[in-house]
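Read through the structures below before going on.
Okay, so chain A shows up in both of these, paired with chain B first and chain C after.
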Partner chain A sequence: MIGNKEITQFQLLFVLIHCQIGVGIITLPNEIFLKAKGDSWMSVLLAGIIIQITIFIFGALMKRFPSSNLYGIIQFLFGKGFGKMIVILYSIYFMILGGFFLAKFAVILRAWMMPTTPKWLLVGLIVMIAVYIVKENLQIMARFLFISSITLIGFIGFSIYSLKEANFTYILPIGNTGVVPIMKGIPTTLFSYQGFEFLLLIYPFVQSDQKGLVKVATITNIIVTLFYTFIVMISLLFFSPNELKIVPEPMLYLVKAFTFKIIERPDLLFTSMWIVLVATTIIIVLYASSLGLSFVMNSNKRSIYVFIVAGISFFLAMSVYGVYEIDSVSRIFNPFIILFAIGFPILLLLIAIIFNKKEVENSG
Partner chain B sequence: MIGRLPFIWATFLAVILAGCWDERLLKEHSLVLSIGYDLGTDETIIKTVTFPQESSGDPQQNSPATQSNVITTTGDTVKDAENQLDRLIPEKFDRSKAKVILLGESLAANGIFSTLDSIYRDLRGPLNASVAIVKGTAKDASNLKVNYSRPISDFYSELLISAGESGLTKNENVQSICPIILSDVKDIVVPYIRVTENSNMAIVDGVALFSGDKMTGKLNIKESSMLLILADQTAKGTKMNLKVSSDKEKHDKNFVDFVIRKTKRKLNVYTDNDEIKANIDLTLQVEIDEFSSDQLYSEKKAKALSKEIEKKLNELAVKTIASIQEANNDSLGLGEKVKAYHHSIWEKIDWGESYPKVPIETTFNVEILKHGILN
Partner chain C sequence: MSFFKKNKGMPSFVNKGINPLFPSLEDNIKYICEAFNNTDDLKMRKVTFHEKQGKLFYLEAMTDPKIIEHSFLIPLTEADECDDLRNVITNVGFNTSTNLNDAVSALLMGSCALVLEGEKETYLFNTPQMNTRAPDEPENEKVVRGSHLGFVESLDINMNLIRQRVKNRQLMIKYYELGMESNRKMAIVYMNQLANPSLVEEIEKRILSISMDSIIAPGYIEECIEEHPMSPFPQNLYTERPDRLEAHLMEGRVAIMTEGSTDAIIMPVTFFSFFQSPDDFNNRFYEGSVFRLLRLFSFWGTLTFPPLYIAVVGFHFEIIPYDMVVIVKGSIENVPFPPFVEALVMVITIELIREAGLRLPTPIGQTIGIVGGLIIGEAVVNAGLVSNVMVIVIALTAIMSFTIPAYEMGNTIRILLFPTMIAAATLGFVGIVVSLMFIIIHMCKLQSFGTPYITPLAPLNIKGLKDALVRFPIWSMNKHSKDVHAQLPLKQRSSREWDKNDR
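So, the complex of A and B:
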């Protein structure tokens, strides 16, 4: 089923960056601060190291199965029936993830930008944009993700501007909260980092060998980790500790505090850039889910499943209401992110090693 | 064709529905430009708003509004008072463009954070509005009859900005005070305005000192300039007037006026046997504006004058620091330094209690750079 190399290494870099940077970026500093206080930035760095280890594990898995993706590996190792069931679970996982992102997106957007616009419209519009791109092939998706990376520059620009009001004593003395809070902050960060498992889904489509893939993934991880550390650091320096506790979306609040000569509310501009990042995340999640369903059905027409998956995500998003409900949903769902993104690939590698399973050369 | 359908729908909806729910038309809103809060009896909130009066004359003439309407309402909370307002104004109340927020002295003594809470919570809250404390009530200040050709809101916001630019006070807005109120290591100072008795003039009268979110004292205008110098927040060109002698016959010959061109501050917080001490080292480069008693032709005389200025500045600084410590106002940010660099001591003490006892020493070093075009 897989044979055509659709995207280049350079495009893969941007796809992976968008996998990891998504909805959570504006809430991360607050979420992590509640756990790790002034040392939050260390949690972010440590989480980056964990991701790096995971990437090496992925690398080992990719070396054993150079031409089939995660779903193919699952089927190869678990057999047709059971394997397909797991692939369906993965599809459902991505659908729920999509619904959750959409719900969070709608809540934040309605709080910051359009308080009276109905939710179905906001969610519907972004789902339509996502569907329009996802139903095309990976190459078109990668091109869109590359273009939308421009928004990241805007993020960094606004953040650097806020450095002029930075107060370095807020994070001093370094390490005074102790090791335990820093460790507690790591899982919180991992939820924001989620998405790197997408590498396992698309690596057969990349014009590169296994070494090149690991290299690109590592570069991505370094960029993303530095980016997140930077964002968290900026928030820590700008907000006093007691303030950061009560500001749920620090990145937006930070931008709202400024006024320029021409732009009175730069947070609107900032939110618009963030919407692009949300769209890219939804695109990736829908792609992953629809790929799973079409794999299970042995179908070549992925675009039909895109509509199904998008529809389900839409209704999932509509069924979650309010800030507190989203919080409780994310508490229940977060362990599953760790399980599907890190736990399961490790299990696959272990099984492959123990039973010494390898892909037969030139099978595809 | 089926593939293009979602895209066509998305474009269609985006164009048709954009702003359907969230449009806010100017003609339906009254832009409130200044807001005043006072504490009423039974701890109710008295809210006074001013908004520009629409010119009743020739509609063709597009002259800016110079007159303000003033409305006062009472409520249990800020938002409650605001809801009362909707019963009085034919249009909808819109505070998002407010330029200045005035707070009555009694309200400030009771804590200001709960009053500002609704602004921080509101996505269109006027975070950039200047904040000032008014002696007496904000209601009286809003009812001020100014003879300038501008609305009362512009009058106050420009008054505060110009006072900030000339180094008398620091112009604070709603957002800039928020992190400091919430932090336990630093305190805010806010400009303090007094309205004259026949209520036709408003004067910037120094700064109000806060401890946490409660006003606990105030500084006069000279002390407030000194506080800014000590806190390293002087505006460029702060003007000062000091009495350097008292033996001259003519009154004005006893004084010197100068402009501060450049300051260099070193704040050193150190511990001595577990006791916190602080000293502030200041180097000022000044330009003499007026000094009629003596000619500054020799370097020796200039040195003597700068020595005298240093002495007087030090006296003022001691007085200022005594006032802020009495008000338990840590606007110099000593707590910040103690927490960051002497954390073991910080955890042992209650900063609110120990701060007023911290000995703070100041040393001044004045260099006379220029003296105009006259010696």
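So, the complex of A and C:
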């Protein structure tokens, strides 16, 4: 009744959804269109399949180490010294991710809503919110992430409304761009999908066995993949290929095109809802990072590290300026995401299989 | 009791040790008189029983002379030679004690104390003067249908009201005395077979840890035992209605009542409990549901309407449709202040009217309402200090905040309005979203005795939503709400069994 720090499978579902859906949702259709043209939606689906395979790999890893998390596994397989270095790398990775998201958020928000508001204020507010909740335990985070899922309904609603003006010729003929562009689109999509490695960090805190975890992760993946495919598809159907090339934030432009009887510019509401999604992403990233640091320091007091991590992310975000700088950073950073989110867990599993390492069964 | 031991460090001007009776009557009299500092309302009466001299003590202000006559003095005159004194005293609350300090405490509770020459015991019997009003409808929790009975200031009568409603042997009433100096009697009430034992234990533990010299109102207890005393949100439900208390007791919740207060504090409660009203259950369930949704909407409406207006006018004029721009712009065109100042002035005015009208006698309160509401509202627009759209928004907000059945929750929301308005004035929609996120995160953090504050929404419990957001038909709510962790899950089986057999 009191002091229970675990979350249910249902809560995990929403935590994972918020891991994956975040800042990128607004820009994804444009980024991927530059690579895969009219078949972008196939890239998104394929990326979803790759994530699904990764989830099964995670499942195998979770089966071998049912009670420790990613950081624990790393330390177990690589020893204390080297393992802790890798965990620190992970923490840094999450911090950079946080800083990157914040920078992107600030750029888009300043372009669309708050042109004269100083950047530090916008970034600082989100960081403050994140710190306020990340200090607490996972259970409270899960509650908030569940409630903030209401915004997703708004997103889907606006998107469905835009189907009114869909033009299916924009994506026909299907597959005309060829296999290579579709494949090239996958890594870009993976960047938006980033976040599912969070499962490896929190699975010991979930009231579920390994099978249930994989099941929940699979359901999440299906939801998220469908959601992203839907968003990309709608952008493809709404904008002509020539338009989509030059609109950096297709979702916002799309919503801006509508007017309702009582709301002239729904994109302002849309952006407001998107702020919530940004906040949830930052919350998760900061949690992951602070978890890593407190693990390295063998400390039970995570809250101190939350402040450190949040501060570093804030300064990282402040040090990146402009759209082009963000683009170039994301180009450099993309391979790292694939390395940390997919590559490294696979490596861990391989090591565990080759050396036949398993978690020592506790008597309890 | 353990809490007295714990508080040994605290200086106390009352001697609470054991003091056996002195052998001589004079010493005893002296002791009791000195214990009361020879207060003028301490009365003594000479009594002779079996040739033994004695003294009957009582506090004139606390005792009912008729009861003293009937339960002691009249039987004493009729007593035989061989009768035992224990049989002579016909009082129900008869007791003896070898400790003089017990006698002093009992006198304070309205008892009489009889001290006889050479006896080692004092005879205590209960003769309190009850001075309470009759139960009537609580002013601040009125309902249209259903019971119109409310609690009064006497704990005994309140317990009687509860017992009359819940005629069940499992109804537990535990009395405690709180306040080191003022000895306030309080009761914990719960259903023994329903309430979770660990919850009851936790509440008892927290109550026993209170070390105050006097507990004046239940609010004192509440602030000491709630988990998040710094939160703006109320975490315990106050009620003056026995029927409401009964409903909560039968869900497995625990109530605290104190002597001298009409309020029962119910715990643990969730955010949604503050939006329930007994009227919901006396109406048809459509009405109950719609009106409860209306109240929940008012909560969020109060919080967001003025900020939205400020944000739209100050930042996002482009969001309102063209036709409305003309209206709004026309109304604020000649107003010299920024919308935030307008809103602040109006909100503070409304708060002033409320605060001024609250404690005044009803006729004057109405005058204040008319002067404040009509004259100021009208004049402020005519003078061009505040735009009329702003007056509409603020007035609507005030009305919405008063629809919330729990007075505390309405206050909370009006207080939270200020930071939200500041955020909207500085950051527009971003400010509103950020402050709403802060508030919701804060609500996620809150717990009331281990129960998450916004359950059954988060953590989600679909069945619990039946009685939270809306009110489902009573026959469809078969289980106790899960957040209380009641011992017996089932509330009813099928209460419309006849409907199924009837073909």
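Definition applied: the second predicted complex is superposed on the first by the 357 of 364 C-alpha atoms of A that agree within 3 Å, B and C clash if a C-alpha of one lies under 4 Å from a C-alpha of the other, contacts with A are read in each partner's own complex, and residues count from 1 in each chain.
In this section, a contact is a pair of C-beta atoms (placed from the backbone, for glycine too) under 8 Å apart; a residue touches a chain by one contact, two chains touch by 3 or more.
Note that the coordinates shown come from a computational prediction; the quantities given were computed from them, not determined experimentally.
When the shared chain is aligned, chain B comes close enough to touch A:A257, but chain C does not. Contacts of A:Q11 after superposition on the shared chain: chain C is touched, whereas chain B is not.
Legend: residue contacts after superposition of the two complexes on their common chain; A:R64 is shown touching neither chain B nor chain C.
Of the two partner chains placed around the shared chain by superposition, chain B is the only one that A:F239 touches, whereas chain C remains out of contact. Applying the stated contact rule after C-alpha superposition, one finds that A:T169 touches chain B and leaves chain C untouched.
Judged by the touch definition given at the top, the superposed model places A:A111 against chain B, while chain C stays out of reach.
Of the two partner chains placed by the overlay, neither chain B nor chain C lies in contact with A:K357. In the superposition on chain A, contact of A:I129 is made with both chain B and chain C.
Shared contact residues of chain A, touching chain B in one structure and chain C in the other: 113-114, 117, 121, 125, 129, 132, 259. Those residues of chain A whose C-beta lies close enough to touch chain B in the complex are 111-118, 121, 124-125, 128-129, 131-132, 135, 167-169, 172-173, 176, 238-243, 246, 256-257, 259, 303. Interface of chain C with chain A (complex): residues 196, 198-199, 202, 316, 318-322, 427-430, 432-434, 437-438, 440-441, 444-445, 447, 450, 452, 454, 457-460, 485.
Of all the residues in chain B, the ones that touch chain A in their complex are 3, 6-7, 9-10, 13-14, 17, 20-22, 123, 127-128, 175, 178-180, 182-186, 333, 336-337, 339-341, 343. Interface residues of chain A facing chain C in the complex, by the touch rule stated above, are 1-2, 8, 10-11, 109, 113-114, 117, 121-122, 125-126, 129, 132-133, 136, 139-140, 142-144, 146-148, 259, 261-265, 268-269, 271-273, 275-276, 279.
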